[in-house]
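Two complexes follow with chain A in common, the first pairing it with chain B and the second with chain C.
What follows is the complex of A and B.
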């Protein structure tokens, strides 16, 4: 008689139901990548989610679909794909939508083994493409969840195959919407609450723990493989982003209308992360220059085509860009900038630099004069680059502009070219110019001022007349908008302040231009980097100081008009802006992802190897030193004088150690014996354990003279301690024990 | 021949040696020189995985994109996980294949494979076992006179493949830790003779179906397939022949003559106890009486190649001889059997009869000249243990037409098949 409780097993129908469940979950996991993929496929995403969820809950409905639908599905999908490609002309979004359609079809039709494999491959394509395109931290979560789900799915598929009892494909009538008689029983009997209850009974916590540990091992192993896979720089650019175009989300383009930057400020999303190898080099207020706008026309600043032509030289497929700074002595300080996708094609730069290094080949437009670099295509993924020899000074030297001022380039007729004076152009209407001249006269008081003094006075003048507000209210009327705002008392935002200052400075004879980018940010206390959000978007000015350099002037209230040379730097400067919020924790994860995963290259691999080697050598040296000290101490102790007291102490110590060792050995043996006994009991005799539990429960009742308890007690003891062949029928014994526990026990009937 | 005895367990669970059943030397040697039948083949999903890994690896190196390197690492880690889980699945699992007790051509027989899982808490899933039966002698192709080397190789191979029976026994469900399972295969041997019952390999797709793993097995048994039972028509005169002073059955029965004494067994009547003998021996002994006298037969099977020229007719002869012998033995009427010129063997115990069937299973025509049409007579019967030189009630066989076989009792046709 074997009464051992056996763990139940899932039937074939239940395995099929579990397979269906996991397949549907896998499909949903995959399609939800569209959430952060930023592809126009929301309709398909919603359709996928609804249809796959419905098919998951009610799989029986699919048996009602006529066979004609299945016959026509693939041609229809192909036609949709071709039409999509023809209409939109972008292959990658079209392929993603094709993938979604195929997943939808596989998710709402009964699958054979090859269909299950197709589903996994289709899902993996979506996840990997989303990861490659976005380089998002969400990819890490997504790929781990997908892998776990896919492995469980494949496991169940293998178990189903191992039974060899395969259900034939479900054949439905060609055009009739009625259920087929050949529908497998697992579809007819699908009952998810019952399946979950069965899973609870089937699953052993030890197996679940083992599986979890194994999966953690897979993650660790894949991390080690990631570190160990040899890297070669083949100098090829990423292929996927060529098949997908994307518009800048934030509006940092070379043509900015008033209000564009304010719109960016409304977005609190992450824009740029700046990682400095020496945080002491980080200024308290970091200005990240992106776009330099020299031309003012029709209420907007823009980069004039002439300046663009004159300044930007094309450097196709460069991985490294030389800057204007000269090499510095000492250890190099690296600034790594992670620019999120959708911000701009212009790279945020903290100032002049010695060298810029991309992760991969980039097609760029570089202007050494403007200190601006633009990527040829809008990046659809996070862009990382490393700067070396950065100079964050508020002064940007521009020998070319100085030379142009001295000797303006002339056209064929000898007339000076106009673009050299574009930084002095003000609104064309005389009334506007008169208003500007009046304002400048009020600022200068008729005195001739240096650029720095004028900047200070003009900023104070603006500050006294205007309040800062994101909701500006420019008074209506004729003439230039900026001049109307300047002459009014209306509040304004950074673009208006910067624009007004540009007009004032130009009227005063100082070449001035508008610069857009980011200012400030928060110092992430967890990852020790500067986090710059879209809400840090800003506009400021650069004013020619007449000494061969552009001076940064920030007229927006709350800012220092001209950055002081003694501005504090380093972590201390950010003490007031340390971010320890949950959002900062998440950002630190993202930075870890960028630093250690996305930006990992051959150099990092070598660094890791060197670090491992160095740590091993240091550990070895430490151990050798410790051993030497120990040996020396023992020698010293041995050669010191011996007397009876010392000998007695040594003997006592030796005896104590021996005794402790012996006791420890005994304890260890007892512990092992107890474990083995418990293990044996646990494994072999659940009936004995059950009897033990009942004996424990009934112990109190036995003392009370309960007849049922007294009757069942010997039988329980026999089951607990006796030989198996002498056991009574277990079910009856435990039933009697239960009755005795409830107080309904009866004394056994005496044999006649 | 059998490389393992009937009770031998095989498999990773049967390994001896190191504590964990694993040695690095064994592993390395297995990588250099795998065991016979041990092979790993990628499945469709495995091929897809390898193709994906190659594609993603190429793209990763081409673009230096770490997302692709991560995906590649995960795929490789999954492949390693698959190998580790597969190793866990096979670990401590043992199997054995006891040979079936008796097989008879044309009758269903059951082969049982026994499995056990010696792991402590991990179950085993999804194993399958390739079991085959294969005739040890090549099946006859064409006329018997033809020499094997004259036959086309393809024809011989086709016949051998046709005679081979194979199945794949699946372990459905889970084999719990410490648990055991039995997998049954019911098959029908098609022809008599010695057959090789072999567990060719143990395979698994566990855990993810990427790789099809086969472990070669040296488990082989030689089993004997007795001739098929055939229907025959009895002819009445031979059935009711009076006893002509031939053999008397010396077997237990309910007759009046004392046959022997044997030990008392539970259920024996107390009146059968031989008290005197019991007192002498110190054990309870009971009397065993001989059966009532009845007509008995001897069976003589001649397999002269000159007489039995058609293979089908020869097979029918062997089957008829086996069937008649079985029927007579069951009825207690078979006293001895003789094959060709060999001395007759007495049929007293079941073991004797089974030995005779074993001989029938492998009997072949012999180049022994015996003129066709000569009436088989009792004068030719060799003496049984020297008791008599002239026998009565001897069953002999002769062709009956082109395809049939007839059995004769003392020259009189008794049965045909």
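What follows is the complex of A and C.
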């Protein structure tokens, strides 16, 4: 006979209500994973959240849903799924939307046992898909919460089953064809405050604590195991990502139309996190290069197929890539870049580097000339890589280009190939070219300028004519768009400024190309790393300086057009951009996850384990030292001379402690009574409560021929239900009850 | 006098009730729970409707109770041509004294057995039901009190509805309890076969309890203490019947009062001067079932009764008794 059996138990209706609560919470937990999934299902997510929450709080209104809805729901869901699949052609997002629709339906209709289990499976699908696709911190939290909720839910489902087996309910069909859904009986009694009050009295907190400790133990153990096992790539081991041909939310491809970068700016999501082992090495304004676009054609810049062919050699499945920098003396500085999924297949690079190290084999395309690296497939999960020997200089040497300028390569027939001249191509129409030439003449004033001087003047010229605005209005008219904007006074954004500068520089005879990537970012004050958001997307130019190198020129107002090589570096430069907001806190959690869990090599793993070990040891040592000190102090105090004053002091102290203990006990008792009174005001009488608890406890013994129990039973009943003046002596009754309870040889759980 | 029942009174009551119980068990075999409920109904001062097939002992039960008490018993066989005056009595003009004198009907007794009550016309039924309510008969503006104590045992057959006038719900409400007898167990039936005869007059029972004692018991039952949480429990049960989708309408206020009064009586029958939740839960079926109708139509009366009882059981199981 266990102690729990004697507690008051939840009635079937209350269990049903609890089941409803847990089921709804479970559904909400699972639908919220869509938040991390980047699947186009926001409407469904909001609909789910609102409808399920409403159904949770007011389960009664579901009964008013006409039966036709239930009859039509399944065909409608199937039709939606098929249409979705037909129009979008992507299996996984369609399945996720299907799953959401099913969860919505299950969340807002009265569930029977089979439906409850279905709900768990539907939720599990979402959580697993989200976990595998994002491998994020959120997943860890989500799966924990989901698991705990699902376990509790299953437990309640089992309880309901067991109770229903005991008291078979009157069978009513869940819905008939006629009017609407039959309301399950528990809906009528559904009263959340009462349920919580009942839960508080019914729940055996020891069991709950034990279960929580057990669950926490399992979680900690799994965490330790996770830390200890060798890394493996979860996302690569599963097939799900292949179904997720997610459209890039950005324009970081090798063909950029005007406006693409601006679209990215509108998105404030995290794009890149940069972690530098020596933050002093980081320039104040960090440019992360991604794509180099040389060819201007029909209002858009693109990476010309010829340059692509000439520059990108294939290095299939590399884990390490050698860069163009020579090894430096001194301790290596590591830049770790975490690129979020969905940004680009091009890796953001802060400049040329000595070596790049992926955490797993990657199929890449690498161009040493362009200093650009592209992954073969756009990554669906976060990609992390470590750079060594980074040079963030605004000058990029390119001996190949210099050589090509001097001796253009020739084809088989000996004719010079033109591809190196693409960096000089301007709009084809003569009117456009004339306008450009006029602008250049205005900038240079007829003088022959060095590349740097021209860049400075051209940028100033652009700055005086155009304001910066995300909303640009290029005047309508014939000819090239970019030239039209350039010759107008309309405001523009970074792409237009950069594009216009490219046109001007090319007209002036300087080979120039457009570069896109990220600029700036905020310094996360919590995790000490650079956070770059999609809104930091930027476009700038690289201009051939005639001395074998490309010079970075940023013509957008608000930036130094030509970054000097000796600009301030380090964290000091970021002080002005410290981010201490809540989103920074969240990002710092993310970076913690990246640093410690995702991007984990064995060294880090060992470091963490060592840190855990030393922290435990230190804590133990500190405790021992303070304990020793305390014992010593007490000892010294005891052996020193005793006089009347000290004795009085000790006595007062003891009295005070006793008094405090007594007061504490009183307070505790009062507190308990208050809690119970809240449960039911009429049962405030403590003696009645006490008798009631003894009755509950002895109920099972009654009728087993226990003389003690049978003798005390009527008196307990009298105290619990009888008129107060007829009560027997309470102390005696409770003592007898205690004796009757002990009569079985069980250790009693004395009521306070 | 104190508000509370004195210990000695309880002892007296217990003795009287034990005598009654033992006496009734002589003729009613193996139906101790029915006897308990009949006694409870008597102590609560209510009327009883027994619904069962013919020949399971309904009349014998009423007869045994009446005979066990030192009081008048009469039996009215209800038929479709029975007139109200056949029940209540009639004023006849007496030539000798040149006055109308009132000839008392069979209802002037302490225990009245109204056999097959649903066979009479509604007019006659309501004549009886008025007497049940007021415990008196009014003829020509003159009120005549019927017996005290006054208890009506009505019986009806739930299966054979041909040519009957089912009691309307408002009148069902007048009965404190509705009971089913059911067939006895094989051993008990053998005992009945061995001992009993067919005629009621052959039932030889001596009165073991006086009319005064019955009245005293009824007064005592009203003093039985009900703690607030138990009252609250009764209220919750009644409220739950009102929100239950299965029922056309919930139990009336009179239903709740009946449950309270019956619980008090049951406490006294069990020699207690206070009500425990079991008193309530045990009586929910007999007290409330006949006051509730199903929302959906059923063709079978027995099935309807079964569903109502099961729903009530579920309601009671879903409500935590006060602890």
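In the analysis below, the second predicted complex is superposed on the first by the 402 of 752 C-alpha atoms of A that agree within 3 Å, B and C clash if a C-alpha of one lies under 4 Å from a C-alpha of the other, contacts with A are read in each partner's own complex, and residues count from 1 in each chain.
Please note the rule applied: a residue touches a chain if its C-beta (ideal position, glycine included) is under 8 Å from a C-beta of that chain, and two chains touch if they have at least 3 such contacts.
Here the structure is a predicted model, which is why all the values come from computation and not from measurement.
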Self-check item: In the superposition, chain B vs chain C on chain A residues touched
Solution: B
Quiz prompt | Partner chain in contact with A:214 - chain B first, chain C second, else both or neither | solution = first
Quiz item: When the two structures are overlaid on chain A, which partner does A:385 contact: first (chain B), second (chain C), both, or neither?
Solution: neither
Self-check item: Partner chain in contact with A:401 - chain B first, chain C second, else both or neither
Solution: neither
Self-check item: Partner chain in contact with A:688 - chain B first, chain C second, else both or neither
Solution: second
Quiz item: Looking at the overlay, what does A:723 touch: chain B (first), chain C (second), both, or neither?
Solution: second
Quiz item: Which partner does A:461 reach: the first (chain B), the second (chain C), both, or neither?
Solution: neither
Self-check item: chain C-contacting residues of chain A that also contact chain B
Solution: 683
Self-check item: Footprint of chain A on chain B - complex, ascending
Solution: 44-45, 48, 52, 56, 59, 61-74, 76-78, 80-81, 84-85, 120-123, 125-128, 168, 170-174, 176-179, 204-210
Exercise. Please give the residue numbers of chain A that touch chain B in the complex, ascending.
Key: 6-7, 9, 113-114, 117, 121, 124, 128, 131-132, 135, 139-140, 143, 147, 151, 154-155, 157-159, 161-165, 204, 206-207, 210, 214, 217-219, 221-223, 225-226, 229, 231-234, 236-239, 359-360, 597-601, 679, 683-684
Quiz item: Which of the residues in chain C end up touching chain A in this complex?
Solution: 2-4, 225, 227-230, 232, 240, 243-246, 272-277, 307, 310-311, 313-315, 317-320, 322-323
Quiz item: If you look only at chain A, which of its residues touch chain C in the complex?
Solution: 8, 11-14, 167, 169-170, 172, 182-183, 185-186, 188-189, 198, 680, 682-683, 688, 692-693, 695-696, 714, 717-718, 720-723, 725-726
